[in-house]
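Two complexes, one shared chain (chain A), two partners (chain B, chain C).
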Partner chain A sequence: MRANTPLLSVEDLSVDLDVFRGRARVVDRVSLHVAEGEVLGLVGESGSGKSMTAMAVLRLLPHAASVSGGRILLDGTDVLTLSEAQMRRLRGRQVAMIFQTSLLVLNPLLRVGDQIARVFEIHLGTTKSVAHARAVALLDRVGIRNPERVSRSYPHELSGGMVQRALIAVMMAAQPRLLIADEPTTGLDVTTEVQIFDLLSEIRSETNVAILLITHDLGTVATNADRVAIMHAGHIVETGPTRSIFKQPKHPYTRALLSSIPRFDTNSPADSQLRGQAPDIFTLRADRCRFVDRCPAAMEICLDQRPPWVEVSEGHAVFCHLFGGAVASTGGERVVD
Partner chain B sequence: MTEALLQARELRKEFALHSSLGLGGLRNGERPAKEPTKLAALDGVSLDVHQGEAVGVVGESGCGKSTLAKCLVKLVEPTSGTIRYDSRDVAKIGRDELKHFREQVQIVFQDPAASLDPRWRVRQIVAEPLRIHGLVDRGNFQGQLLELLKIVGLRADHLDRLPNELSGGEQQRVSIARALATRPRLLVLDEPTSALDASTRIHILNLLASLRERLRITYVLISHDLSVIRALCDRVLVMYLGRVVEVGPTETLFDLPLHPYTEALLAAIPVPDPDVLKQPVRLRGDLTRAPAAGCSLAPRCPMAEQACIARPQKLVGWRDGRLVACHRISEGEIQPVPVLQRISGSKSSSQEAGNDTHARILPSGAQPIADMEA
Partner chain C sequence: MATRVIAPERNEPSWGRHRSGYVWYTIRRSVSAQFGLVLLAAVLLVAVAGPAVWSADPAATSSNTLASPSLSLPFGSDQYGRDILSRVLNGIRIDIAIAVFVAVLATAVGAVLGVLAGYVGGWVEQLVMRLTDVMLAFPGFILALAIAAFLGNDIRNVILAIGIAYTPVMIRLVRGHALSLRSASFILSSRAVGAPRWWIMLFHVLPNTVSPILVQTTLFLAWAVLDTAGLSFIGVGIRPPTPELGSMTAEGAAFMVSGAWWYAVLPGIVIMLIVLSFNLVGDAVRDILDPQSH
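On to the complex of A and B.
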């Protein structure tokens, strides 16, 4: 067990978005932690705030968004208090990120090998020739055949899977301790996707890098994450060990989400209990459950009180009135299943 | 058995590649060839679809499944090979007959937003096929349209909306209503749920399943998503690089795949259940064009041998009636193993989520790999 303080600890983080429609709290008092060498899967539908949370960690939020509360501790240091210069040293070195749109991340005018070599030059101060040799070695390491030739290729000459491998090589160049992977395989074919996840898990066991895996795909999370946090409309609604979340989901949203996935490995038809669409984040009131309009088990209290965090088993907590807390103390019915 | 409703034989479709772009592009200093490079999107595909059947075609991007869909509905003419619909040669269908063919064979495309005219209201979109094919019921046109909307689960107030006033799921329902307007016998569905998000996808799947039952339509369903195929199809064709590598009943094929590609595909798809363990079957590298003579999977296949590169693989019948294109089958080496297994003893008693209590299909005597979790 990894008992000591987590590598990344996000505490009560809130992010506000200011656009012409008004101001919306797209991340509302979110807490999560990732231990050294751990994979945390952050799951949610589009617009649930999962990418905003990740961008806040890197302090790369878009201009319209700003952190309005909370702390983000990376190895004990609050990244929100760092200067931009300090942040630049931290990005890449301590925390790296891979994106869904990796082709847009690479510079189309520079050879792939040169882009990887730059990381060594900037972060580790190596000379050009050493950096290039290390870049080729890294391409080889991420399973690219003919790495010398690929290092001299331009990004458009590579397939989607190769680009993602190259990106992973770039990100791992400075040996960061935390890797944020935002939908790293969306848009890739499944046989390529599984290779990318094999690679990430190899790298993790070699370097003990922690991974924050952001995805909308519950299958990916079931296969690759140690722990899961489920996000809905800016709230984390449930968090726990992967097995526990999949086998004993508590939050009505998690349950509905799990029930609505069609499965190819069974004959049972999926039966969607997920009603309606994600709420319009601009119309949400602050202190109430944000799932209430779609919830089959909604109660009066859900409309005007912020749900409590209830620990249902070790490390498995749920953000819902159904499981006690305020309900129990006011004499409401306590539902235990 | 009577002749199939739709019968495709040895379909081949070649596309000319621009010599300096795309696949087979030029290396440094290489000069463009006089003859443009040809890419065979379909390389000898045969398929039978019987009346009332739902046949799935599954494969990854670039395997030719959408080209196949377009050939079947005569939107693309195959380079060679024949398609027979209801005993008539589709290639020889003339102008007057084409209208009749279109009435009977319809298609639903992947992206509903792109396949609906943004300036037409739902009313016009659904009415168009009725007008073209002279199916308008003069006395009760409104009722006719409402009936179509009702079939796909839309309401009267959707009639006067524009496509951008509909959600993705509603747009796809309109596409389906339009395809159903002529009361087709055969419906080709090209990735009907791929552009939709998870919560909408399941509703469209359920709609397609119920339509099949109610209207007795024959389906050809193209998808890269095996769960969609499993939910709807009786039989499935697995395609790789323009060729069919395996054909069989959906359940048998998913539970005990024979072809290495089918195995790798099944092993690659993440299952939202941490208790399902998979054989670590992996393909090597990325999609690459195969040596012309050999098996198209050979460069990536974990079991490839010299023989695979040397000679092409024909579909051969296996003992349960499935067809497989792999040389190991003619050698009699294939011993199918389930790709997915459930950890035994992990079925918790009362704590299971409600939807997870059904038995999983496991062949008797299958040994779960219990220590893989450690």
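On to the complex of A and C.
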């Protein structure tokens, strides 16, 4: 029973954005699940709703955005029903989030060690000296050389890679079971990026933490994720095991994304099939495929009917009319009970 | 005249441990900062040691009224024959003490309300900011005058009146910085690991607004000396016989026409020197904490 219950299960989540231009559904009936110890790669263009989905899980959506439907089950509890105080206890201990690299992910005025130690103090009521010792141990654990010295440094004295390692230490301090990583290596050079992902996978195998990896980089996903969910304009359009997605992409959007990667081992030119731009979310109608304007295989039906979810192979499902099937018309991934 | 050319690499100011080097660097470069510091040191020295060194009783009257400055009465005497130098020395103490209390009061209340308004938002912000708007509709001095007139004039009420009048300035300033910090990613990170709101305000928002707060506090000191003297000058501040510099200039002004210039002018010059020293040091503090501002 337990083995089948995913740690995180997002069911039919919708998020609305209410701004000057009007109201837009930036996340539309999205479903996904992450099992314990699993890495799910959530891939999509800027503005596709990946970060909004993640922020909804943490209940840290910006003021203009609000959840308008669905459930977010974290270890069986619907986080959308929790009070702010209950939610605060959950953050850090059950779920934590690494944000995009920038020099300001850590408070410029506090020593690195203190920022980690504070998490112990908040969640575990640890005394200052014990918390500091554990912070140093954690810095050592995330691969920072000379952790004692670094713990007494200020963030501006660290390199970008070290800041990101320190941030991972902050986030892992209270041993969350789910770690959301939103473009954790943007702005880092490739070598550092590899090191950060190595670190994340080490931490995963040690602590069995589940990771929701948000990125627009397919390469990152190919090497680091167990399963992939492709997101386009607020919809998840395809989901499945990483191998299956990369070997047999079904959705025209996924195919376009994969074929837009230039290859150097063949002579064929990169034939990017991806036309146009991501649709303007403020003008989208509910009952149609949101990819239709860019789709090379668009049909009549795509213009006025929401696509069905079709399971094409085990655990691999696609949100598209091309594959027929009168399967359930809502939801993304279905949880296998 | 030879110009000193100092062209070192412009050190980017950094947080924390390299700060002290930057302090000296700024002071070394700035003649006005040096002058201000020396003047402030002199003023503080006089405030602390003055009455002990020149121990004449500021309240003792004598028959030697309106005596012009001499060796035994360096600042002359007033219409009751009191020693003006002794009264000025005590007045410096009183005026600086009032200024410090005013600055601390306005800074503490303003910073707390400003952080709350900026970070918490919602009805807290609406309430605080609308009150602030109403208060800022009046010039600070007029507001202080009204509050002092309402409360009645003694030293405590003067401090309250001026402190309350300055508070909205600090609220505005701090709220603006807190607002911009609300979306800073380290605050988001902190929320993502479950830090409570008061914790974020205390350890993240407040420390990151300390620089502008300190700069404004030094300005408050200068304003407060001037406004205390101003309130006393027009009669709603500290009342005679307390030796306060503003009320001394007011009293002395009546004797200007009869030639007793020292009675009003010397306390006036002392007020000016105190304000000047606070302002120059305030400018230096700003240059150290916020190098982009000039």
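Note that in this section the second predicted complex is superposed on the first by the 313 of 337 C-alpha atoms of A that agree within 3 Å, B and C clash if a C-alpha of one lies under 4 Å from a C-alpha of the other, contacts with A are read in each partner's own complex, and residues count from 1 in each chain.
Following the convention adopted for this analysis, contacts are C-beta pairs under 8 Å (C-beta built on N, C-alpha and C of every residue); 3 or more make two chains touch, one makes a residue touch a chain.
It should be emphasised that the depicted structure is a prediction, and the values quoted were computed from it without experimental measurement.
Trainee: Classify the contacts of A:312 with the two partner chains as first (chain B alone), second (chain C alone), both, or neither.
Mentor: A:312 contacts neither chain B nor chain C.
Trainee: After lining up the shared chain so the two structures overlap, which partner does A:218 touch, if you call chain B first and chain C second: first, second, both or neither?
Mentor: After superposition on chain A, A:218 lies in contact with chain B alone.
Trainee: Which partner does A:35 reach: the first (chain B), the second (chain C), both, or neither?
Mentor: It touches nothing on chain B or chain C.
Trainee: Touching A:107 in the superposition: chain B (first), chain C (second), both, neither?
Mentor: second
Trainee: Which partner chains sit in contact with A:97 here, chain B, chain C, both or neither? Use first/second/both/neither.
Mentor: In the superposition, A:97 touches chain C alone.
Trainee: Going by the contact rule stated at the top, is it chain B or chain C that touches a larger number of residues on chain A?
Mentor: The partner with more contacted residues on chain A is B.
Trainee: Considering only the defined contacts, which chain A positions touch chain C in the complex?
Mentor: 58, 60, 88-93, 96-97, 99-100, 102, 104-111, 118-119, 122-123, 154, 156, 167, 170-171, 173-174
Trainee: For chain C, which residues count as touching chain A in their complex?
Mentor: Contacts found on chain C: 14-17, 184-186, 188-196, 199, 203-204, 207-208, 210.
Trainee: Which part of chain B faces chain A closely enough to touch in the complex?
Mentor: 60-61, 167, 197-199, 201-203, 205-206, 209, 224-231, 251, 254, 264-276, 282-283, 285-287, 340, 348, 351-356, 358, 360-361
Trainee: Taking the complex as given, what residues does chain A use to touch chain B?
Mentor: Residues of chain A touching chain B: 45-46, 145, 159, 161-162, 189-195, 198, 216-224, 242-243, 246-249, 255, 257-272, 274, 277.
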